[in-house]
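For reference, the structure is listed below as structure tokens.
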């Protein structure tokens, strides 16, 4: 039996966008998946983001996620590098 | 031998002016005199200022005075009730 | 810059006047006439000052703030005369390189203004009664 | 009131908008573009935001401040796009009955904005070099 999977877009900003040379990356994840799985998939698909991953947060539907946060099938996901507003 | 004496004006503000019904009071002091002597002279000449004296400061030439501060012959003296600016 | 004025305080000009390229933070404090003190309603306040001493004390406060924080510019303005509810009675604007400095400096300045500057206000209630606001005795 | 804008921040209108008859204290904080960071000279900064999340976080900060202090009104505005030295990048205005409340509330709001709101700035130096300002990792 094949595991169910789904596709997500991860929005990229600031230094993450510059490193990836893209506004977003598309990832394929097994279902169910957590934010930790998203991190791992980013690591595999975009090694150039590696130096930024540890200090970055993931946001799901405009809220910060923990590693254990589940990823809904239809959601907006973003990688949030250390913020420097103000 | 008569002691030397001199005359000072003490400027009055806010509640002090209302209580004394005057912008200033004239006092005759022995020379030399201190701010404590000014307080005592105010007490004697203007008993209506008594309730305000303990919480008020004296200013000599625009600076706050201690009881021991000497009173120069030509100076500007003011009674400063508790301030309420702002 | 320190100033006593009987005209409305130009808070925008004051704020603009403290901006400095080396300062990333500006804090402006405005004191305004409140409608209520406890249960007592205010219609207007009459402010009076012992003006030459008030200016001397405000200048001392400016110097004190500059000695404690890396101030780009500081402005302290107090209004005198009759002020109705909502009007600005005092304004302090400070610029510093960083925000912790600007917040601390502005707070210190307004605290000192309220403690040390010979200015008094008389509160006028809706029933026509008026009284001098008790204020704080000098502690120094 | 929270807002992201690409236009110059109207700091005077913001300040006026928080005045309330029951509030005797207003604190306005302005963050401006500094010419130097350490020894590094800045010509301009480019600010970008993850706008919908930035607005959501700013609204959360407004709600948090209102829950902690008796706020009359609060406004938080952040500018985006290219800002030259001296320009205002962020403004926070708060009114409260008393000054300790207004100072604490404004300080808390700007601290939280700098910690939680997904906005980034890229520093452009006189030699044409540019780099993203390192910023603070989220600690939440």
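Here are a few things to note about the model shown:
Residue numbering begins at 1 within each chain, and the chains themselves are lettered A, B, C and D in the order written.
Here is the rule we go by: a contact is a pair of C-beta atoms (placed from the backbone, for glycine too) under 8 Å apart; a residue touches a chain by one contact, two chains touch by 3 or more.
In this text the structure is predicted, and so the values were computed from the model without any measurement.
Leaving out only chain D, the chains still linked to one another by touching are grouped as follows: A | B, C.
Here the chain-to-chain distance from chain A to chain C, counted in touching steps, is 2. For this pair, chain A with chain D, the centres built from the Cα atoms lie 27 Å apart.
Computed from the mean C-alpha positions, the centre of chain C lies at a distance of 24 Å from the centre of chain D. We define each chain's centre as the mean of its Cα atoms; on that basis chain A and chain B are separated by 75 Å.
Along chain D, residues 31, 110 each make contact with two or more other chains.
Shown for chain B are the residues in touch with two or more other chains, of which there are none. Of all residues in chain C, those touching chain B in their complex are 31, 47-50, 52-54, 56-57, 78, 89-90, 110, 113-122, 132-138, 140.
Looking at the complex, you find that chain C touches chain D at residues 11-12, 15, 19, 21-36, 85-86, 95, 97, 99, 102-103, 106-107, 110.
Of all residues in chain B, only 11, 13-15, 18, 55-57, 59, 62-64, 76, 78, 80-86 touch chain C in the complex they form.
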